[in-house]
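Chain naming follows the written order as A, B, C and D, and within any one chain the residues start at number 1.
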């Protein structure tokens, strides 16, 4: 915080106040927290709105309409780029009123269809296949065979790691298996092998989550630090004028 | 009539979905163009939908204000902030200095502070986990968390001792072998679940867009 | 690589489809049995209690967009919603659904409307019970504690895409002593929810919600297809590894 | 219709009696049966098989029980009461006798009246299916004769069993029990059925939903059969409408309208058409998705023709002796059906309670006897009673035992649940979050301390002395990029993470800028560009060192579009320098020669979310070509992305994550930035958290030792 213009000063103080107000939630829900949050939501919403307008709606809908002019719009070439989108959007706008909203389903259906397709396609091409292949590649001859001039321990460690990696992937995958057999006691049970795999899988899941959790914790600590330091800076800059 | 409508909706969803989906696998020009078009449309629609969502937000809070419901002043603040920001944004564009300041002095600090709150929430949850969920896995979980934290954070003393380095390496090993393995398993599993969830929609079994 | 993915991918897709339809066909004579998932079992009790106690059930569809790959868990959430809504239609405080995306909020409204229609209670349907709380993840999550407090929420279901802020969302519920069941696709958030939520739905469990909440036979069929592919993948991984180890390039 | 037999004490009572005169058990709840009939014809068709079976079953084993329980009472009188859960007059039975014509398929027809009557030309046929029952029942008994002895034994335990069960019945969530009915009862008729019949009826109950829905399920999937949906149902309607006779209307209308008064049915003939029309889409809450799937869908119809219907239905038509059946009978006989959703909606238990394997059964089964008749999922006393025995009987037959085990477990779970709920409910009392306060303040103080004391660098926590293993390769990567091509920096994090990621990404971007590489920023988060400006303005000059393409809206799809065709996807820039006002960011000299993703020298994705990280990896992968992809991640995200980095064909070429790595980087660059500035506070914070967690573990472990198993474990472990 070098020298600040009055506006910046006011802004910075506001920011500091808001920080304190939000952190006050530590004590429990209170009006300062709510005030800060509502203010924040309002600003965030407004900003998101303007962004959407300038980045999508204007270039994608208004601009072509304006630039083409009424005559241009009717050209067949514009059916796809202008007319259909506008029709869809008008349909979507029907959603505003409960009375007409039932007719606004079409654009939603389109959105859902596209979204679902992206989900499926992305998951297959992006995760399922590459990750399976990657899992298969954990043990390659190069991994298995000791490299020239490497200590036996390193080689051993590499093999162990590869095996653990593989085991973790497989057992974790197995754990989530939902279908089971009904046992003699009527409960849903899995075969012995499955149960063993499941338990190992759970251990690996716990470890994975533990690592991620610790990571997130470390990240948020940094953020907490940043907040506190920010407050410190504001206070000090105020004290030093 | 109503039924017909359902069919049109389902057909729309399935149709658009199929083309987008095939685009992932088939390098055919027609499909790719169709897919591109559909995606552009959906991006536009999503943006408009955002506005409708904002409108929804506004109405909900406006009703609170107009009916003087409990806590209506907050809603008033929200509406005010929203309108001011939106008008500024629409008038001067999203990259004007005023908006920049609104962001830097309101949005940024509040979000960061919420994340800071998360630190406490996570720590509390970690503290309570073992006592409230009695299974070996929660124990493993917390132990691993501590191990990784120890391996990540600096030590006050002997931070360049072999022990520290060893722990750091252990942490890396756990994170990069054990956790990666588990993570890959979870990734694959989630992918499986997501694929079938998507397929259910593409088969018009789930029809969230209404019947 | 890409080319191969095209073919392989297509095959995988067809495999999924085939299994899904196949299981749907045989599901009748060859019923499935699923392992218990504590969260889902408790959920029913919790909702029942909430309805009886005149408290609110809140389902959050997360902050994912509809057209993104992050829509998957929310789609699963919507499937669950169709069920939850039906149960709460007659409660004095029917379920409230919130989302961080405009289109998602609309989908929530549509799902609710359909549920009410099927329940022959269309007149009780309120569009405002499907809301967008905020357009950004944090503006969404930030408004949750207030919603939970003012709406007297006692069952807090998180079924959607969340970032780390999802943990905050779950914690807000915990603080108000609500029954919190939370699931998402993102493993990072899952890890946080694992500790912060009373009943975490880890891994892919969220996607099984439809089958466990009895939304329909095809949900069960899809769950079985999922398991079938799972075992296939496990087998392939093992075989592939052995082949790789033997130097066979795949 | 003279009397109603109390299902509790099975003593006769006047028909209009509200409660049993002897044992005081409620008799009237029967009325609840009516609403079900609201359901659309096709629904009931789908449901026909199980219910049919279920009914005869009730008849059958009941017969056995009564045989000893009160031998003097003629079977005829008893069975009907229990099965057609209203008091049914003896003469009814008489008719049944005569029409012993139907053979093995008999059972499935049981429910026929529900809907068949709708098809049948003359009312008389309505009695038909019932007629079938005793007939095959007889046979069953004959077959059973051999087992008579067993039957006796069976009966004894029954009564006390029943007694206990009935006491419970009030508490017990009705719907659960429903599952009981089918499973228990099925095996018995099964014996009399052809093998595949056994398959169908014995197994289906476990997943009635499948049974009823499967067709509709498949329909949409296969070439959207549900397109043809709407017309189809009407195919059925004609038949219905033809069936002018009062009975049909009464079936359709009775429930919703007047209770159990079929005499007035005639009046309603006119109303009758409409109901059906709008009934079609309607589905009871319990079978919601049936609603979804089968709305206006024909599958059910298809199912009918293809599967059960034709064979025996036609027979029925022929063999049906024209008899006068009092409207009551039909309407009453209709009783067992799923509750209408509005009613269902009031009893959430039903919807969820059986979430695991038994669940599906309760969808379709209906208590066919007792005060709870017509309710779904009532724990059926009788079947449960018979269960343990039946197990020993058919120990060899898997279907049978499985079903019975299912029941045993169900009963067990119900009892469990009863116990579980109360304490859970009690958990709802506000508590003061002392723990939160303590931990919160501890952390804040811990973090604030070094900040306030403002150690100088090196004081307090010494800087990390060893390097994470990926850093080396990352340096080389950055050093290796040709200066010709700009670097694409994706700012995909929310302001919440700015505190961490600015500190982590800072050094890398600084390094890139120092090398003289030009940076182009883009973001799929509306606030991304603002963060980008905030970060880059520290190390470079807008327009010269870097340029913002701005916000890329549309989420993952947009990422894909951008990867495929950057220039078309995002036109306007963000905070473009004055001279470039009203121009596109692409006109900036920095972006010369860049037309596709692979034209960038390096792609740096700064993100805190696994999803957005995955999106960039997955969606951009096909278009990235040789351009390396570096991920700057929040620590928590790393393990999820590492698989891409460690993969056989890495989709990620470099990872920078965590404050320590950032500190390393700053040291490497020989500058002291944010990362180093936060090092001490970071250290104390981490240390405090570690101690708190340790305390938590000790506390928890202590609890385990002091109160072993006091708290129910919430392990996800199954079975």
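Convention: contacts are C-beta pairs under 8 Å (C-beta built on N, C-alpha and C of every residue); 3 or more make two chains touch, one makes a residue touch a chain.
On a predicted model such as this, the values are computed, not experimentally measured, just so you know.
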| item | value |
| --- | --- |
| Central chain (by mean CA position) | C |
| Whole-Å separation of chain centres (CA-atom averages), subunit B against subunit D | 22 |
| Centroid spacing, where centroids are CA-atom means, of subunit C and subunit D in whole angstrom | 9 |
| Approximate Å spacing (C-alpha centroids) for the pair subunit A, subunit B | 4 |
| Residues of subunit D engaged with two or more neighbouring chains | 217, 221, 281, 289, 291-293, 356-357, 433, 436, 440, 443, 494-499, 526-527, 550-551, 553-557, 560, 608, 614-615, 618, 634-640, 643, 646, 649, 658, 682, 685-686, 689, 714, 716-719 |
| For subunit A, residues contacting two or more additional chains | 23, 25-26, 28, 34, 37-38, 40-41, 44-45, 47-49, 51-52, 54-56, 95, 102, 105, 108, 111-112, 114-116, 118-128, 131-137, 140, 166, 169-170, 172-173, 175-176, 180, 182, 187-188, 190, 202, 205, 208-221, 223-224, 226-227 |
| Multi-chain contact residues (two or more partners), subunit C | 5, 9, 13, 17, 20, 32-37, 65-69, 72, 75, 103, 106-107, 110, 113-114, 117-118, 127, 133-136, 138, 142, 146, 164-165, 167, 175, 185, 187-188, 190-192, 194-195, 202-204, 208, 216, 218-219, 223, 226, 230, 233 |
| Contact graph of the chains (line, ring, star, complete, other) | complete |
| List of subunit A residues in touch with subunit C within their complex | 25, 28-29, 33-34, 37-38, 40-41, 44-45, 48-49, 95, 98, 101-102, 104-105, 108, 111-112, 114-116, 118-126, 128-129, 132-133, 135-141, 144, 166, 169-170, 172-182, 187-188, 190, 205, 208-213, 216, 219-220 |
| Touching residues (chain side subunit A, partner subunit B) in the complex | 7-8, 11-12, 14-16, 18-19, 22-23, 25-26, 34-57, 60-61, 80, 84-85, 88-89, 92-93, 95-96, 102-103, 105-125, 127-128, 131-132, 134-135, 161, 164-173, 175-176, 201-218, 220-221, 223-224, 226-227, 230 |
| Contacting residues of subunit C [partner subunit B, same complex] | 5-7, 9-10, 13, 16-17, 20, 65-67, 69, 72-73, 75-76, 78-79, 99, 101-103, 105-108, 110-111, 113-114, 117-118, 127-128, 131-135, 138, 141-142, 146, 150, 164-165, 167-168, 171, 185, 187, 190, 192, 194-196, 202-204, 206-208, 210, 216, 218-219, 222-223, 225-226, 229-230, 233 |
| Subunit A to subunit D touching residues, read off their complex | 23, 26-28, 47-48, 51-52, 54-56, 59, 114, 118, 122, 125-127, 130-131, 133-134, 136-137, 140, 180, 182-190, 195, 198-199, 202, 208, 211-229, 232 |
| In the complex, subunit B residues that touch subunit C | 21, 24-27, 39, 42-43, 45-46, 48-54, 56-57, 59-60, 63, 70-71, 74, 110-111, 114-115, 117-118, 121-122, 124-126, 129, 141, 183, 186-190, 192-201, 203, 205-211 |
